[in-house]
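Worksheet for the structure shown next.
Letters A, B, C and D mark the chains as written, and numbering starts fresh at 1 in each.
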């Protein structure tokens, strides 16, 4: 009973973590950008989705759709207002670009959070479940919504896999992550590829946001937490490795769930953090990272 | 009211401006006007519903008093500060209020952490200070332990101990009396105000007839409550007694979505606001919480008029600390009147003699000899608080019996003892 | 003042990076007041040797002894303290400090407690500045110095440590004629001080005037040692740099062709920061022509090609098919028919051979076109057909080079730029590569611009030859005449 | 050093300090209050700059060190009731240990990885404090019995003096021989080593100094506010504020970050009428600054002078 509870809850939450992290790691892989405004992007999608759904009574699905759209928009803004200017800046020495992008997106993330805070207050909001009701699974009373969310996550991740491995655009992404210069020499415009990867990122982060809103609920205060957890998962899995982050998402997700069930809900996040520190010490490139 | 959020946004921003203007105006006037306005500082978090309530209510009270000609010929002026619910910001705001804006009294926050950080400054700067919503016992305990230092601090809302007591009393009448419940699990967030709350729960719930099977404290930044509810359910209690304020929407919604078959009662501060129904998409149906007062329940002649006026003005009924903050402005003014001066020590003496019937009932403060010095008196004839239950979109008063007499209704997934007995 | 006992003794030095053997059993020693030139083309391992001596890399085996004291495996800072100094090729001075402060830095003790440098330091620093010719810019910020000035600063820092052994990495890269002379004097000064000097450079020629002895390396191995002349005459060395006997099959009719050339580079200059990499370089290529640009590493070939491909900013103008390339992105230039197959190959290591080729073909209009192109290429490079499922990074160097060329050809370029295709390849591979090029030249109308330092590889395929030396074109003409006019003293 | 004394800089600085010290006679009591905390923030920012700007370590969690110092001091004071100075020393000691803990991975990991470690360290510290609520007061935060002074002016002078002393030490350090070496190590470890400097040793030292000053300032802040709470000295938002201040003022200048911190807090207060939006505006400005003047305010001025 307890075991199956842990199994099910862990699975759903991990799937959500995974979805949130995949986009994050994809961007790093292809364009070497660590987007510390990640939580902000998810937040916008979640809040817009919730707002549309509950204030205009459009129902969760249309709300979710618009939320994802908002996430996409926010991803573009992040790219065009913060990331690209820094990448193209003449005044910023190339050696310091990385740290400037980190600081820039960090600030941008705060602006998003405070802005949302102002518009929607920092009360947690929850979207009406897309699939109400509960089903009995392995003897555990599980919300239908929770299951469907796990399913959606995996369907989307599957689609992503197809995109990367079965389409020409996907090949270009993969190539860009291995050797951008080589790709330029073959006549592909990196700027287009970056735009593509930010679009994919926007959709993934947006979806993760609205799903979170309808599963656990979010408040503008969560932005930092969301970024931190995505960042940790991605580093744990190995920066730039999609499969790595998925595995890491499940490691973290189950570690947290097990802690919450078997030790104490209050200690929930700690073992994951300790594990992260440990991995940093013994294997800095992460579980699946290439040096 | 098609989209209150945007409206609320507009209101916030509008009032914010007016506050700014008011400030400017005040600075300008002081020189000219003969009778300076009496300034009262209000420190709270704008972005939080409970925080906004405090200021809105205080301003309403001030307007009423000024409409009647003010106090000793001078107007009451509310100076508002946003503390983002951060102790540091609150302390800074407090110093600003005292040193720069020369307020005569301060109404501060509904969060115990913040109030506890401000309290020593109230003592150091000799500023009559009162909290409309924080509950931690330590606030009044400090006053008791070091009266000379801390006498400037007043506790304008029930201490955790009394909140717990009132909940126990309510539970005894309703849950045990009517629904024949025997067991409970206490579930509260890890925060300043719940520490004494839980202590009292563990004493008074058994006395009220509910055996406490388990006692769970969780981190206020918890977002996933599934494990907690599952743990509780495994214990098979008849009821969950809550002590939550920082969190509210998430546990409630997840309780509903997971169809946890155990009713929730106790203190869920966010559930005391009328917007909570919408915030939870109605998931709060059947949730019971203690509150300062309840729409449509005449704890005193002023309760209903205030609630209506407030709702009319701000589009939502006041949060529990809205009631208290409204009263506080009134009895501070009253105290100044009696003291005939705004001198801190005189004001404190006057406040100690407060006997004022406000929206939450008859307000008096315990004396320095009592363990809860300067805390609100609890009990019949004073302030008891009420218990409300969310029933299809409305907050319905279910306790105390002498004020209201509504039936308890729970959503279908909740299993009540006698039903289980019947099966 | 040449002492007889060696100061630095290096024996049987070995270094592996994963599978690759970068340095294989290298031994040499340097006496006080002696300058040893360590030469070899890119990837020959010479720089690695230098890093091993300095302790920046740890040797897998072998010993490095200073005055008989074993230093191999020590941390860099201790080796430096023992008396080995290094002059890096790229200088990164402290930008907020003045030139004088930068020199002082090198004079400071490695102590946490000495907050204020003692007074002698100031004097010493000024003296050193005078010596390297920075005397009159003491209080300027490095960012305001010319390139040569920055190199001087690097020298100054090395001198300041008063090392017994000085390692100098590519002393003359990016310097103009007079500057080269000036630097030669400075380095000669080291000799006069009785220091042991190791000069690391691409080729004998640039250091010949300065060195007492030369050690030549290729693919990590010691191939020749002796005086500059001996090494220049050494057969192996000549094969590495020039290859064996030169033969040519020029097609003058193509070069003689009148009218607008397909590619027309008109007097371009390129600067890297303050270093000038190209100086008024003009070349042109006619349609169908095979043109070789020969020159030693560091002469500027790669820079020239990158300018054409739009990868580095330049002034002057480059025309392609009559239109200027200015302001076009590298990618659009590539799509426009100028495809570069770079020195560094830039393969997608984790992708299969097939995937690499497919990416090259993505611009082709139809699936049919891609298929035929692929088929043709696999005939041209049969080995790739066998390896098609293998990740590119698992291929041998030669196979990788062929893949790089094939990938470029997948784009059906009008002009194919081949930069150093022979880099670090064993002679037998060169054969195959050479055959492939010949076939390409005979069976297709393709235009090729080939950059090489290996003349015997470059010339047979060339209709016309340019010689690039120190950022300038110094010779142009028929490959047949090259041997006569340039062959000797090319090294 | 000599150049400094001859240059006008010293006199300008001296003038500023004098003007600052006279604050209580012409500044409103409230502005004094803001400046008081601003001065402590200035020290946070300066010690962050020593680590980031000079040693080149990407530290996203300055509040880890600050928090250790603050809570170390606060706990000793509230449990043992030792006098403030002893508590401060103890706080510094705790912070030093923390600094060494951070230094170990810093010497092994590349930029973003170490950056993450610092983030995580803050989260862990936060959790630890919540878990050991018994001693730390947990979410509640703890009130210390002693404060530096209840007189706003005295507090102001304490803070000013403290900041000035720290500024002199840190600035002097940055301009000293050791500072040069540190800067070299941060910029290019290999070249520094090739010049014979033990990079590890110097970076460790930098961590210790930075930790000591962060911790001390943290402790002082606690005894000024009279309370130590997670959201005052540990919360990531504080860390971010410090980073913004340093970037705003100009990294690698020590004094710049101090300037930035003061400007930032004053701006924050000036914009209070905007309610929550003040943070929005401030971070917006900071973002603009790093986009257009990556060298920050002071850095920009100095840089202008160079050309």
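The rule is simple: a residue touches a chain if its C-beta (ideal position, glycine included) is under 8 Å from a C-beta of that chain, and two chains touch if they have at least 3 such contacts.
Remember, it's a predicted structure, so these values are computed and weren't measured experimentally.
Enquirer: Could you run down the chains that neighbour chain B and chain C together?
Expert: A, D
Enquirer: Could you tell me which chains make contact with chain C and chain D both?
Expert: A
Enquirer: So which chain is the furthest away from chain C, centre to centre on CA atoms?
Expert: B
Enquirer: Looking at A-C and A-B, which pair shares more C-beta contacts?
Expert: A-B is joined by more C-beta pairs in contact.
Enquirer: Where the CA atoms of chain A average out and where those of chain C average out, how many Å apart are those spots?
Expert: About 43 Å, centre to centre.
Enquirer: Using the average of all C-alpha atoms in each chain as its centre, how far is it in Å between chain B and chain D?
Expert: Comparing mean C-alpha positions, chain D is 37 Å from chain B.
Enquirer: If you average the CA atoms of chain A and of chain D, how many Å lie between those two points?
Expert: That gives a centre separation of 32 Å.
Enquirer: For chain B, jot down the residues that touch at least 2 other chains.
Expert: 47, 190, 219
Enquirer: Would you pick out the residues of chain A that each touch at least 2 other chains?
Expert: 117-118, 266
Enquirer: Scan chain D for residues touching two or more other chains and write them down.
Expert: 130, 275-276, in rising order.
Enquirer: Graph shape for the chains shown, where an edge means the two chains touch. Line, ring, star, complete, or other?
Expert: Graph shape, chains as nodes and touching pairs as edges: none of the named types, so other.
Enquirer: For each chain, which other chains does it touch, given as pairs?
Expert: Those chain pairs which touch are A-B, A-C, A-D, B-D, C-D.
Enquirer: Can you list the chain C residues touching chain A in their complex?
Expert: 309, 311, 329-332, 334-335, 339-342, 346-351, 355, 358-360, 362-363, 407-408, 411
Enquirer: Considering only the defined contacts, which chain B positions touch chain D in the complex?
Expert: Touch list, chain B to chain D: 12-13, 16-17, 19-20, 23, 46-47, 81-82, 84, 86-88, 91-92, 95-96, 99-101, 112-113, 116-117, 119-121, 124-125, 136, 190-192, 195, 219-220.
Enquirer: In their complex, what parts of chain A are in touch with chain B?
Expert: Going by the criterion above, the answer is residues 2, 5, 9, 13, 51, 54-56, 117-129, 132, 134, 141-143, 145-146, 216-218, 221-222, 225, 257, 260-261, 265-266, 268.
Enquirer: Going by the contact rule set out above, which residues of chain C touch chain D in the complex?
Expert: Answer in residue numbers: 54-56, 75-77, 80-81, 85-86, 88, 92, 94, 96-97, 101, 104-106, 108-112, 114-117, 141, 143-144, 157, 161.
Enquirer: Per the contact definition, I'd like the list of chain B residues that touch chain A in the complex.
Expert: Touching chain A from chain B are residues 2-6, 8-9, 47-49, 190, 216-219, 221-224, 226-228, 230-231, 234, 247-250, 253-254, 257-259, 270, 278-281, 283.
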